[in-house]
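After this come two complexes, each holding chain A, first together with chain B and then together with chain C.
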Partner chain A sequence: MDHEATVIEVPAQWASIEALLNFVDELERTLALPDDQAYLVRLVVEEFATNIVKYSYEQHKQGIIQLSCTCDEDELRVIIRDHGQPFDPNYSPEPDLSGDVENRSVGGLGVFLVREMCDVLTYHHDRASGWNELVVIKKRQERTDGSA
Partner chain B sequence: MEITHRQFHRVDLLSLSGRLDAASAPQLREAIEHLFHTGHYRIVLDMQHLAHISSAGLRVLTDARKRAREWKITDLEGGDIRLASVPPNIGEVFNLTGMSSLFAIYEDATAAVGSF
Partner chain C sequence: MNTEQIGDVLIITMPARLDAIGVASIENQLSEAVNSHKGKTLVDMSEVSFVASLALRMLLTNLKQVQGMGGDLRLAGLQPQISEIFRKSRFDTLFKIAADRETGLAEYA
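== the complex of A and B ==
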């Protein structure tokens, strides 16, 4: 079963995070996502949209965030686009997960979590248009009961 | 997210229901800060009905634990944040981020409250 891409575009402002998360609520219902995919799409949207609002449009002030989502019987694909500062999460520093856990910073955990929980994460910055595009894919887990 | 508070003789139990994300994290931070301000530093968070946690939620938990443990009665006894009934998907996040070695985690709220 394929689903058409579902798209939302919002201003890159704190107030929009709630609208994006409400959109995720709707996706969960309409796409009937399994638990692991539902968890990931919410995490992706919150962590990356928050980063875009915090950092991406520092100089521009009036940016936008586009979120689209498709799924079929094989995978869920989440695409987040913005027009702000380039940021490739594949090169984001690893958070410190060892040593003094009591006093360590939890910065970078959101990106780390998404990287660990997804199957594919790609980033592309189009120099000509200025668009950043993040694609996160989570494959549907194979059923273990032998059914299709 | 809904937070239900139950006070015991030595321990405060906060039962969390829903999602602990960027939108709701300030609500939990405020609830814990309120307990700290009234001198209550032994806190159990019951996560049985928690469906989601993000980095914003993890930040509240680690900050709260650090604050609670600064309050000491003796070298062996003092404040702490302990967790109960952690669902598997949230447990996976704790394992990935090393939080499961940071917090004392109990099977249920009764065990966690009794551990103080």
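== the complex of A and C ==
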């Protein structure tokens, strides 16, 4: 398959999350994504787009979220862009995974899950333009059974 | 979300997508069912193909509540990708997880 890219831009508001998730369903079909890759795109939307809606833009500011996805024979690349508050997930604290039912904390779990499920996670804030760009990459799984 | 009672066990069947939309559509209903039953609860996850941190948080909140009332909330039928999320987040150490609904029911007996 050749390089295929698809992009959607939505207002940074709660109602857009459904549009983004529907868009991922569409991507899964059009790009014929394997299950693990489709799961990752959904997870990125779920954990990062919802954060952008909640925290990134001040209430009076009309923000947008761009989601794009490219896919070739080597890797899947998911990019989320916004121009709200910078948030570098690489500096978000590691979650505390210990603790019993009573004491288990759940902070930071979203970023942790995305990082666990992908191969590369990079973030860039462009000071000049104000754009934040989060790039998540997942390599295609090598076949180990010898078939093509 | 579907609920049914078999003996003293409340069985709750989760919808396929426990994403932000899925969680928002069931969280009140789930909490009501768990809090009014107060006892043995088995959450059938066999149809669930997606969970993220929001769904984990919802399940943990309900587990805490029902344990506080002397009951329990166990899970059954996790698909492989869902199992992986539970393993990575170590949520598999918080819940008793059965391979399927029948096993979960038998373990409650």
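The rule we apply is simple: the second predicted complex is superposed on the first by the 141 of 148 C-alpha atoms of A that agree within 3 Å, B and C clash if a C-alpha of one lies under 4 Å from a C-alpha of the other, contacts with A are read in each partner's own complex, and residues count from 1 in each chain.
Basically, contacts are C-beta pairs under 8 Å (C-beta built on N, C-alpha and C of every residue); 3 or more make two chains touch, one makes a residue touch a chain.
These figures come from a predicted structure and were not determined experimentally.
Enquirer: Between chain B (first) and chain C (second), which, if any, makes contact with A:Glu94: first, second, both or neither?
Expert: neither
Enquirer: Please indicate which partner A:Glu73 is in contact with in the superposed arrangement: first for chain B, second for chain C, both, or neither.
Expert: neither
Enquirer: Using the touch definition from the top, say if A:Ile17 reaches chain B (first), chain C (second), both or neither.
Expert: Both: A:Ile17 reaches chain B and chain C.
Enquirer: Which of the two partners, first being chain B and second being chain C, lies in contact with A:Leu113: first, second, both, or neither?
Expert: Touch partners of A:Leu113: chain B and chain C.
Enquirer: With the touch criterion stated at the top, can you tell me which chain A residues are shared between the chain B interface and the chain C interface?
Expert: Touching chain B in the first complex and chain C in the second, residues 17-18, 21, 35-36, 39, 42-43, 46-47, 50, 97-98, 101-102, 106, 109-110, 112-113, 116-117 of chain A appear in both lists.
Enquirer: Could you please specify the touching residues of chain A with respect to chain C in the complex?
Expert: 17-18, 21, 35-36, 39, 42-43, 46-47, 50, 97-98, 100-102, 104, 106, 109-110, 112-113, 116-117
Enquirer: Quick one: which bits of chain C touch chain A in the complex? Just the residue numbers, please.
Expert: On the chain C side, the touching residues are 17, 19-21, 50, 52-54, 56-57, 60, 63-64, 67, 81, 85, 88-90, 94.
Enquirer: So in the complex, the part of chain B that touches chain A is made up of which residues?
Expert: Residue positions touching the partner: 19, 21-23, 52, 54-56, 58-59, 62, 66, 69, 89, 92-93, 96-99, 101-102.
Enquirer: What residues on chain A touch chain B, complex-wise?
Expert: 17-18, 21, 35-36, 39, 42-43, 46-47, 50, 95, 97-98, 101-103, 106, 109-110, 112-113, 116-117
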